[in-house]
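Heads up, the next two complexes both have subunit A, just with different partners, subunit B and then subunit C.
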Partner chain A sequence: MDITSWQFLALIAVTLTVYILLPQKYRWTALLAASIVFYAAGGAAAMAYLLVTSVTTYFCARCIDALAAKRANLDAAEKKATRPAFDRKRHILVAAACLINFGMLFAVKYFDGVIALVTHGQGPALGLIVPVGISFYIFQSVGYVIDVSRGKARAERNYLKYLLFVSFFPQMVQGPIDRFGHLHPQLMEGRRPTADNARDGIQLMMWGFFKKLVIAGRAGTVVNAIYSDAGAYPGSAIAFAVLMYTIELYCDFSGGIDIVRGTAEIFGIDMAENFKRPFFATSLAEFWRRWHITLGAWMRDYVFYPLSLSRAFAAIGRFSRKHINGTVGRILPTSLATFIIYFIIGIWHGANLTYLAYGFYNGGIITLSIILAPFYGRVRKALRVNEESGLYRAFCVVRTFFVVFVGRYFVRAPWLKMSFVMLKRTVCDFYISALWPTVTGLGMTLSDLAVVLAGFAVILAFELIEERGVNIRESLAKRGFFVQWAAMVLPLLVILLLGVLGGGGGGEFIYGRI
Partner chain B sequence: MEKLLEILKTVCPDVDFETETDLVEDGILTSLDIVMIVSELMASYDIRIDVDDLMPENFKSAETILELVKRAEEN
Partner chain C sequence: MSSKKWLITFTCTVVAICLLLLVGNVLVDPFGVFGDPIFHWDSYSQTLNPRVGKIEYLDRHHEEYDSYILGCSSTSSFPVEKLNEYLDAKFYNLFTYGADMLDVEQFARYIIDNYTVKNILLNVYIDNGSVYAEPGDINGSMHYKVDGSSKFDFYKKFIFLDPNYALDKVKRYFADEYLSEPYDVFWTPTGSYDKRERDVEPIGGLSEYEALPAYSDFADYPTYPVPLNVIDETMESVARIKQMCEDAGINLIVVSGPVYSGYMRGVPREDAGEFYSALAAVTPFWDFTMSSVSTEPRYFYDLTHFRNCVGEMALARIFGDKSVYIPEDFGVYVEGDSSAELLARNDAILDAEPASLTPEARVPVLLYHNIVPDGEEGFTASQLEGQLSALRDAGYTAVSFSELEDYVYRGADLPEKSVVITFDDGYASNYELAYPLLKKYGMKATIFVIGVSVGHKQYYKDTLFELTPHFDEAEMLEMSNSGLVSIQSHSYDMHQWAPFESGDRVREDIKRFKGESEEDFVAAVKEDFELSRTKIEAVTGKTVDVLAFPEGIYDELSQWALLDSGVNVTLSCRHGVNTLVKGLPQCLSAMYRIYADGYATGDELLSSIDSLT
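After this line comes the complex of A and B, so read on.
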């Protein structure tokens, strides 16, 4: 079910009515029923994958919890004595949950791509359809098992209550990847939603609809054609398409998340934030702390920390300190772990060499920037750069945008060679005069471009205000009745006129099949 | 404390560990900084810090980091 469809709005309305009418203790059942209806609309196969994940992670977490409960009544000496056996068993159970679920994800998402790559398209293919949101709910469920294993959460005893945590319907398209300790208590609480929840939720959803329907759809007009056959277009049109894709991706992904979080907010549920004004980041590392925050936090807590503190990395650290002098020797293991994380994030996006290159690109730049940080510090000092000045910050923001922009040459191209063709043509065959005829020839009108650029400028303007410490929603809530209604009606008119009726875009989300 | 402050200054020279009291929540320390600090502490004190100890409350200030080191030494 498309979250920009009328059916989705109807599902919210029906679920909300039932949710409010039910006694508080049973309200979660309304959310579970809506989640099953939402996901069942995707077909029986999609439901089967969801059941495998929910059942396996449920049992692994329950087993770990039972093992921990057995030790709870032991005295300190007995606890110490039984610790190695307990650790071994809980690690086996976590490994089992990971193997089953990431194995399933590999079969669905990567197997055909890897076989095609290795056999040059001659090998067998499973031909499995990637269910919507499978990466997101698998990451969320495996994170839950690890949290139980680390003692940060108690396992849920009621399978149906746990199934709601895994399948809560707004998050099933593209996340966010929430934590059990944050989301589950809110789902179970069943607090009666307030009028403020409804107002805030609807406003956030409309912001999302504006990004997705008005901007992303229009920006994507030229993207498909140019990325799939870049050799046929001048460099200026290619650079334009990459810029449009950069805008499309942000508006599509963050707009979808706004719709998801807004939906949850209507029910009085606060889901994890996934974006924090990424285009105001002053470095690529900071960009990744502001973009897809929940995936970054998942990678940090469940991969980066364990990897960095593993015995293997401790050995690498001892070796590098002994054989490489200075800062490089000291920070080499951390830099290596950072590189691996960005490499994994690249692969997470899909089974294609372009994503591997994307991982290398991000990991390489961030790793180099860690290693070269002391050198940059000396250069800034020698040039007497005032790091606190607005001008220097603006320079860093523009520099980061450029680095992100170049990365987009890799992430969207159909194959790796095409990314390099696009880069080469951008530099060597720019031909600015050929830009507009090419763009209009591909169906983008001047009014479409004006809507995209003006809409994106509005988004950046609002984000700039928030970047300066103003909470726009809180400020709006303090205003009078007329202003609050205007803030509802005006965006609605823009969405209806420029999105629903005016040739904007709806349909599938880019991250929906990741 | 002096030895710890010296180590912390080596890893993050721009951070004022003597006065800051909420290094993680205020966004002063990133996950990268935390891992580099922990790696440095493990090498300098010859201790083992577990991944379960990488909680924001253990890295709020120099005092909480010192407590973490003491706990690791006792273990």
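After this line comes the complex of A and C, so read on.
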């Protein structure tokens, strides 16, 4: 089910009505039913994967919980004595949950790609259809097992209640990857949603629809064609397509998340934030702390820290400090872990060398910037740059945007070589005069471009206001009726006319004159 | 505003916007699914989506019809009027653009189940073998009544339609013109494309035709592959249509329409063979796919769309109408698998290219006005005689326009070197000086008279302004009775003389007044021609169906008004020699003429004609 479809809106309306009517204790069943309806619309096969994940993680967590419960009544000495055995068992259970679920994810999402890559397309293929949102709920469920294993959360005893945590419908398509301790209590609490919740949720959803339907859809017009056959286009058109893709990706992804979080908010449920104005980041590392935050946090908590604190990394650290002088020796283990994280994030997107390159690109730049930090410090000092000045911050923001922009050459290209072809053409065969004819030739009109750029400017303007610490919602709520009404009608009309209904108009009559 | 108040306001706003959209879309109704309560503009909605628009129209009007034409867009060119004549039926052309055989099958089932159907003409075009069950967008989707899809989705789509559709419709409604526009391409009563402009466009030599922007594709026709990979599915649909017709006792005529040879080159030979065999296995059919017609660009609007006149020839072949010109090799009735012969025929035609195999004739039309006696200033009788004798000596035969019509419409022969002699305005000198010479040389001529000036020997109309004398009715009758002179129309009173007319609107030629509506202009042209025709026919008793445009000035509207009034030949003053093509009436439209009285001698005239030929 598409989260921009009327069916989704109808599902919300029906679920909300039932949710409010039910006694508080049973309200979660309405959410579960809605989640099953939502996911079942995607087909039975998709349901099967969801069941495998929920059942395996449920049992692993329950087993760990049972082991922990057994130790609860032991005295300190006994606890200490049984600790290694307990640790071993819970690690095995976590590993089992990981193995089954990531194994399944690999089979569904990566197997064919990897085989094709290794055998140059000659090998066998499973041909499985990747179910919607599988990466998201697997990450979320495995995170839960680890949380239980770490004693941060108690395992849910009721499978159906747990299933709701795994399958909560708004987040099924693209996250955010929430934590059990944060989301599950809210789902179970069944608090009656307030009018404030509904208003805030609707506003957030509208913001999401605006980004996704009005901007992302239009920006995407030229993206497919140019990325798939970049060699045929002038560099200026390639750079334009990459820019459009940068806008499209942000508006589509963060817009989708806004719709998801807005939906949850209507039910009075606060979901984890996933984007925090990433284009105002002053460095690439900061960008990644603002972009797809829940994935980054998941990586940090479940991969980066365990890795950094592992015995192997401690050994590497000792070795590097001893044998490599200066900054490099000091930061080597952290850099290595960073590299691994970005490598995994790269792979997370799909089985393609482009993602691998993307991981290296990000990891490389971040590592390099850590290594070069002292040097930059000296340069800034020599040039007497005021780091607190707005101008310097603006410079950093633009620089970061540029770095992100170049990274987009890798994410979307069909294969790695194409990324380099695109980069080369952008530099060597720019041909600015060929830009507009190419763009219009691919079906993007001047009004489309105007909508994309104006829309993106509006987004950035709002984000700038928020970046300065103003709460737009609150300040809007203090304004008069007509201002608030205008702030409601205008976006509604824009979404309806430029998004939902397209704006195609009478269009061309291909058969008109024959 | 409290959040509660906000929510109430929001809900009201959303409901209001939805209602506004609903009311706007229902009232303006761009796709015509709500009965188009304000505009009643069927052609517009049919152009936006013919599958929906035509069914909506037929649901209201099917009692006016008892027979249907089915097929893709080329099917438009089978003229409904001719079928009605041949089968004594009331046909509607239920073709749609981009129709594949699944669309056609669904239409067939729908009309058989819901309407009275006596005959179906089914065009199984060769490229129907290349598309089947193509999903349609909003312009190509089927009516829910026809394909059984969701009624809810259907109306939801049109209620929550992009309001730009409605805005466009309103804008275009007020900008709409008399003849068809890209947004209203259908002629509602017949269901065919509105080809009024194409039916009157002057067509001459092949190279001229290919030089026109609309037809430049024919000059250097690109061949691109058209593999026929859904023949089986297509023919299964044809078989089901046939079965439905048999069960319901409907007369089914299956044809495969003509294709331009350049397009046929892209169809793999073996695929074409399979198409012929598979169709023959299902039903006997009339095959028009390839013939000499296919080699002639002037018979086509574009690669897969043949002209209305070709559709007329095809019907004449099917119904054995001898009064219409039909190329000998055009159309064969196929019963049983003749794919080998058909392929061999195709090969022969493609090998003979690029030379067009269509017969054509080059005919100069000479234009004279007043003749003066020898010794006076002007074009003298002796000069005319010199030109007539030079023409005779050069082997020219003077022919009438009805002979040209016979050539074009009925395929009759023309003398090898034909010329048409014409006199404009109807001056007395035509009777006094030219007529004796025509008799002397036995040469035919046509005189275009201005109805209102006939018999005005001295003064312009009822004024006292002197004018060159015009012959009277008795002289007109005498000339007409001789069999040499045909009297035709130069308008009744649309060749006025500005200085001597009262009133502020003077019609010096057949041109629209400033601010005159197109409807009024068409009506005025028709009315004027009726007066002219009535007056001439009352005197001569012979048909008037030729008109020379005063000053040679014409436009699509005047041409259409005249064609609709039964004028088969019109003449302009464009300088040139005409190319006549058998079966192509447009070559009689706004014909070229040579100002013969601008040449002093016969030799000068002849060399000018030669330079143009």
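Criterion: the second predicted complex is superposed on the first by the 500 of 514 C-alpha atoms of A that agree within 3 Å, B and C clash if a C-alpha of one lies under 4 Å from a C-alpha of the other, contacts with A are read in each partner's own complex, and residues count from 1 in each chain.
Quick note on the criterion: a residue touches a chain if its C-beta (ideal position, glycine included) is under 8 Å from a C-beta of that chain, and two chains touch if they have at least 3 such contacts.
What you see is a predicted model, and the numbers here were worked out from it, not measured in a lab.
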Determine, under the contact definition given at the top, whether A:Thr15 touches first (subunit B), second (subunit C), both, or neither.
-> neither
Is A:Ser419 touching the first partner subunit B, the second partner subunit C, both, or neither of them?
-> neither
In the overlay, answer first, second, both or neither for which of subunit B and subunit C A:Thr57 touches.
-> neither
Once the structures are superposed on A, label A:Ala285 by its partner contacts, choosing first (subunit B), second (subunit C), both or neither.
-> first
When the two structures are overlaid on chain A, which partner does A:Ser236 contact: first (subunit B), second (subunit C), both, or neither?
-> neither
Using the touch definition from the top, say if A:Leu492 reaches subunit B (first), subunit C (second), both or neither.
-> second
Partner chain in contact with A:Thr334 - subunit B first, subunit C second, else both or neither | first
Within the complex, which stretch of subunit C touches subunit A?
-> 1-4, 6-7, 9-10, 13-14, 17, 21, 30, 47-48, 73, 97-98, 139, 160-165, 167-169, 172, 182-183, 185, 193, 214, 301-302, 305
Subunit B residues touching subunit A in their complex are 30-32, 35-36, 38-40, 42-43, 49-52, 54
Interface with subunit B, subunit A side, in the complex: residues 150-151, 285, 289, 300-301, 304-306, 308-309, 314, 317-318, 321, 330-331, 333-334, 337-338, 370
Subunit A residues touching subunit C in their complex are 194-196, 198-200, 202, 477, 481, 484-485, 488-489, 492-493, 496-497, 500-507, 509-514
